[in-house]
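In the two assemblies presented below, chain A is common to both, partnered first by chain B and then by chain C.
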Partner chain A sequence: MSKKLFSLNQDRSLFPPNRPDGTIDVDLSSHKYLKIWHGPQHPGITGNMSLELTLLGDEVMDCETHVGYLHRGFEKLMERRKYIQCFPIVCRVAVPEPDFNEYCFASAMEELAGIEIPEAAKWLRTLVLEMARLQSYLMWIGGQGSAFGMGIVGQWTNYCRDLVLDRFEELTGGRIYHMFIIPGGVRGLLPDGFRERMEETLQTVERFMKDVHSTMFNNAVFKKRSVGMGVIDPSWINRFGIVGPNARAAGVPLDVRKDYPYLKYPELDFEPVTGRDSDIYTRADVRRRDLLLTVDLIRQIMAKTPDSGEIRAKTPNVLHWKVPAGETYSRAECTRGEFGYYMVSDGSEYPRRVNVRGPSYTHAVALLEKMIINVNLADVAGLMVSLHTYPPEIER
Partner chain B sequence: MGKINDILSPFTAWKHLINQPLTIKDPSKRQGADRYRGFHKNDLDACIGCGTCEEICQNAAIDLVPVEGIETRNGDSGLRPRIDYGRCCWCALCVDICTTNSLTMSNEFTWVDHDAEVFRFVPGAENKPWDDKKEGWKKPGSGYELYEPKRVTMEELHPEERDHSFIEIVKGYSHEQALLEADRCVGCGICVATCPAHMGIPQYIKAIRNEELEEGLRILYDTNPLPEICGRICTHKCEEVCSVGHHGDPISIRWLKRYIADQVPEGDYKRILETEKLETNGHKVAIIGAGPSGLSTAYYLAQMGYSCTVFEKLSEPGGMMRYGIPEYRLPYEELDKDINYIKSLGVEIRCNITVGKDITLEELHEQYDAVYTGTGLHDGRSTRVPGTDHKHVYQAVDLLRDITMGKEVPVAKRIVVIGGGNVAMDITRSMARLQKQKYGEVEIIATSLESEHEMPADREEVVEAREENARVIPGWGPVEIEIKEGKVTGLHVVRCTAVFDADRRFNPQFDESEKTFFPGDMVIESIGQGMNLSYITGQAREELKMDRRGRIEVNDYFQTSIPWFFAGGDIIQGPDVIHGIANGHKAAIGIDRFIRQITL
Partner chain C sequence: MNQMTMEYTINQLKQLNGAQDHRYQREGLDFITLPKAYAVEAITRLRDHEGFAHLVLLTAVDWLEQGQFQLTYLLNNPVKKQDLGIRVLIPRETPVMDSIHLLWGQAATYQRELHEMFGIDFPGSPRVDQPFILEGWDEMPPYRRDFDTKKYAEETYFPRPGRSSNDPTEYMKHQLYPDE
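After this line comes the complex of A and B, so read on.
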């Protein structure tokens, strides 16, 4: 008995047998199982979604994901609003990273309308997208740390994120919803002294990332819980539509910035960060290195962003902008991978259909349901955070 | 080694024990950034209540509401935006689209109150602590505009192409140009209130945008049966108040109206306006004068089923539009297009009939159910300075009429025109053309009491007159026409220092010490026109009430003190085509109600 309770090598004979397809036969009336709801208010869940877990002991036997707590019907709302009126809405699709929505929406419109945005606007858009990546990673890393019991990491990185938000506030006028990338261009040039303050912020981020590295990544506890955990097999990449760092940690260098270059990325010097082992630790490490790459990219962008110049192309009057009929797909690399807007216009003042492709949909629903089987309940939050999902973009 | 490192390394976090704690800044003490999108401010004096902010707001957070102390006036709806912070998302599109740049944002972002109602407020009207804050979101600078502030340039004949002929100067918009110009409109409708006819301006501009010109024509005819004419020579008061004009060029409302009317062929009018079959109601109305107000009355009455007969003294209908406005501004065939359509509705226009001579007002009253008069201002006024009784001193309206009628008009080598209004410019430019034809050169001086910026003529008229080598010299008052050996030799003038007194009454002041002389072999007076009501005789004359300024008194439906007698147009409102059209429309409603015995 004692052997069963305390052994690290559990006796698998107590577990129900696997079916040929890998699933198990759960008979709730046997009283061997426990069903619990994990979320939607659990702090380890990234946002408002919940997992309906079937446990045997503290091991997950089965999982069903539930979304819908956050549904606000953005895609449908957009069909009833003029294009310019969608602009304040789209940023709300993915709260922690509004800028990718703004960019994809604007660039889809511009592509349909055949508008080329000015040079300065392109640089400023690239800058804003990388700043968004930086602050999103900083928030994620705190979540990953605290999911494994390291609260201090989140405090450091959220402090750093706050500094990045200060820069956002200066540049765009808003901290969370920036509403800066407007169809046709951007809404302002760099403010005075912005470069110096940005450099200061980047140095602070780098300093704290060194601490994060020594506290979290060189940490026996973290390694013990994350190495070999939640492995994504490279063969799943196409099957599940895995993108971004989740795919790169499996050694598949998927990065929209390189694969389908947009804005000013072709003029920047960088290589996608990849890993090999595809477990939670590798994914975290890929994101950490990607974060540092972002710091480097922001420096490159700052060096090239002009201080003056046109910020917005000539567009029709936004109050009755009729985007020519057609359809297009516009994409960008966000922290979770490929973010895209599929836009259909029937030539009227209102979009006929806008479909948002958020990477969280595939990562947080189908992939998580597969990966979570046989994971210890205590590791569920850590696993979820390691996939880096944002439910708002599932429930557009 | 790696494992030991993994155990020891996390302890490096202890070094932060000696550091200051990382704390998030206290929002109640923290300043927002210079561009922060905080609480709204509004400069109530600059704001015109156009409601474009309300239009763009996707949250319906903005309502336009009346505000105490702000009156509705020309170009100002009298309303101001009220913002509901339960709905606002601080996107600042309202600021970016604001036509007057009055709406801005401060960088304040904390506001605590126990009453939820206070968060729905009128910025600028409630003395908020952030009203004087300089920082905060403002519309980004030029090049960012959410609508095009610059007008699509209207192509015109070059001065050297036009200075010797009466060919129409303005070429009109092409399809692409009209679409671009129509796109600039923000659709606020401030213009509608100002337009005397209250035309559906945003609606017909929208019809142009949607390429629905037939719908556009229907909208035009709802309020204006002379769109070809108004599309060319309307005084476009609408454009003076256009909200886009506050920081940019106003929309070319007049040219867009002309575009619709030009594009639709005359033959399609009846089908589009659904007037192929008009049922008559058996009542008859007589209209005196085939000018804009008379034609407008006839059109709307005909629509209602009345049989209208228009009596016109001159040989062609159109009134001042034909006999006052030169052909280079309004070609006769465009005038005829509008008039022919009105005729096609069964309106009978009997020309060369002078009421009071060929038929009396009493006779009209006996034969018709109601009579409308819009005889206009056709008698030129004189300055009455010494010398004006000379035979080579002319009245502008008489000469303009003669030019239209094709009569031989005296053209001197040197001409002086007295007057600074549109009629003065019309005669100056017409005579300049005739001089160019006759002598190959232009030597004409137009002088007015008013200074350059006070001149009542449209700016473009003055500019174009100068382009055609006419000299416009404002700020001089006529003293005497010099006559030597029976011939006019020129005009003596003195400097005019002020035209109006403090009460805005006409009371010119002169500086006698500053004098000059404008040489000329003929002098044309164009200082205004008077009316001739001599056809109103007998009992009607006695019963007709006049006001202190000698104008016929009318009610809101242009009914005079004689119930069957209606009057409108220039004789009531002063010289203006669009006012005449508006009067005619209102009078038609009044006549209809009079005949159907509905209390006016």
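After this line comes the complex of A and C, so read on.
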């Protein structure tokens, strides 16, 4: 029996039968199956999340996602804080991409309050969002390489990410949490010499990305393990709420920057990067090309961002700011797809309800639980990284 | 053109499903309230015949003063680039709503979270009774308005000696508006 279980050609008759509701009938006392916890700390994800896996040999038969390791109740905490006091909280919802939270929160609030922000602030917000995309992609690509045994890629890209964080520090004063986008505008203009240093950083990123392309994307091991693996069927896109590069790699060009233009994106020249095969390799390649597109967009933005001008619209005293009653939804394209804030105001100084719509919510739970079936245990981490999820935004 | 098609959709909802309280928020984003009894039927029609194929989010708002929960189904039409927020009001005393897990794969996760955080039941939704984020929680569902986070924190995490904290509002007032 044990020989059959671990042979390369498994006897499919040993696989558990499906119940009518789609679940599988696993009898653990039969000693055919093994239940293991994958996580909460593991290379498959930025943050903490567990998978309860049922294995037959080393093949996944069933999976339940367990989240809650990072729950801080942000949405509830916001209800007893004034709008401005929510800002130190919102950026912590998605740790590697805090700026999208700041932008979505601020723009929802501005929309309800009827505030139009100045031109320079729009350019600076666009710049910060693209810089956030760049550093998030650099972090992700290292994770994807590491999950398939290429630690050096992670070291290179994290070095590049550090350079982008240096630029963030110059511009905003913070490396991870910036709180640069505030209601009514942004906190400052470009510092002296920022453009030159940013150009230097972009050139370094491009140089390293050429090395990453040769080392990772032309690597036989990476190709063998990622091509044809973890395929997302295009028919699942709407059925599972798949967005961003996960959808674009399946040939569906979903990109909030193009579909629902915001800030200064209509004035930038770009087309959403798409793929065709929808496997791990294609998703990685779509993200690599999207990263290079972001480098190009930052250059376009830097060329158009004014050096002076108004950066904040006039706002009421932020400690007594009563936002008019209403509800709205504000969205932006982060590296993982559509990121949005649903905000309800009852006309008081406190938000009535804020709900964060993070792409990880759908990708890491419903979609992952479906895709992971029949995947080899050694490929689980690689599959998780290829969906690019951040657990903090699942549980907020 | 898009707004005309949205008007058609809104009129259909009013005539066929008794929708009311329509609010135009901005170009491509409308909100409307549907009666509980017709909500899932209307959402199914919107998904299958009106192109609202993408469920952006499902969440709840607790209107404690009115004794109601507002469920918000935010639907998106990816072709016409339109969003439609469907509001459904259900009583706080008997918070039960029909499940939409057969329409979208991720809906079961949203419903499981709403059951845990607001105590809203969705009979038939997979694993709806299993804890999602909280573990071993025996208080009232924590996202309800009457759950006092400050009181809970003070009772659960007692203050450590030698630590003090400022009132955030007073501190910010001093920092931002020292002359007022």
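Here, the second predicted complex is superposed on the first by the 373 of 396 C-alpha atoms of A that agree within 3 Å, B and C clash if a C-alpha of one lies under 4 Å from a C-alpha of the other, contacts with A are read in each partner's own complex, and residues count from 1 in each chain.
Rule of thumb we're sticking to: a residue touches a chain if its C-beta (ideal position, glycine included) is under 8 Å from a C-beta of that chain, and two chains touch if they have at least 3 such contacts.
Only a predicted model underlies this, so the values are computations on that prediction, with no experimental measurement involved.
Novice: Following superposition onto chain A, is the placement of chain B relative to chain C best described as a clash or a fit?
Specialist: clash
Novice: Could you tell me if A:N218 is touching chain B, chain C, both of them or neither one (first, second, both, neither)?
Specialist: A:N218 sits against chain B, while chain C stays out of touch.
Novice: Figure out whether A:G185 sits in contact with chain B (first) or chain C (second), or with both, or with neither.
Specialist: first
Novice: I'd like to know which partner A:V318 touches here: chain B for first, chain C for second, both or neither.
Specialist: In the superposed model, A:V318 contacts both chain B and chain C.
Novice: Have a look at where A:T172 lands relative to chain B and chain C in the superposition and call it first, second, both or neither.
Specialist: first
Novice: I'd like to know which partner A:D259 touches here: chain B for first, chain C for second, both or neither.
Specialist: So A:D259 only meets chain C here.
Novice: Quick one: classify A:I84 as touching chain B (first), chain C (second), both or neither.
Specialist: In the superposed model, A:I84 contacts both chain B and chain C.
Novice: Just to be sure I read the superposition right, which of the two partners does A:D277 touch: chain B = first, chain C = second, or both, or neither?
Specialist: neither
Novice: Contacts for A:G73 in the overlay, against chain B (first) and chain C (second): which applies, first, second, both or neither?
Specialist: Touch partner of A:G73: chain C, not chain B.
Novice: Could you say whether A:Y361 touches chain B, chain C, both of them, or neither, answering first, second, both or neither?
Specialist: Touch partner of A:Y361: chain C, not chain B.
Novice: Of the listed segments of chain C (43-51, 61-69 or 169-177), which one clashes with chain B in the superposed model?
Specialist: Looking at 43-51, 61-69 or 169-177, the stretch of chain C that collides with chain B is 169-177.
Novice: Intersection of chain A residues contacting chain B with those contacting chain C?
Specialist: 81-82, 84-85, 317-319
Novice: If you look only at chain A, which of its residues touch chain B in the complex?
Specialist: It is residues 81-82, 84-89, 152, 155-156, 159, 162, 166, 169-174, 177, 179, 185, 187-188, 191, 211, 214-216, 218-221, 223, 310-312, 314-320 of chain A that touch chain B.
Novice: Touching chain A in the complex: which residues of chain C?
Specialist: Touch list, chain C to chain A: 23, 25-26, 28-29, 31, 53-57, 59, 61-62, 72, 74, 78, 81, 83, 85, 104-106, 108-110, 126, 131-135, 142-143, 145, 147, 149-150, 168-169, 172-173, 176-177, 180.
Novice: What residues of chain A sit close enough to touch chain C in their complex?
Specialist: 21, 67-68, 71, 73, 75-77, 79-82, 84-85, 111, 236, 238-241, 254, 259-260, 317-319, 326-329, 338, 340, 342, 344, 352-353, 355, 357, 361-362, 365-367, 370, 395
Novice: If we count contacts the way the header does, which residues on chain B are in touch with chain A in the complex?
Specialist: 3, 5-7, 9-10, 12-13, 16, 22, 24-25, 32-37, 52, 55-56, 58-59, 89-93, 96-97, 137, 140, 143-148, 183-187, 206, 209
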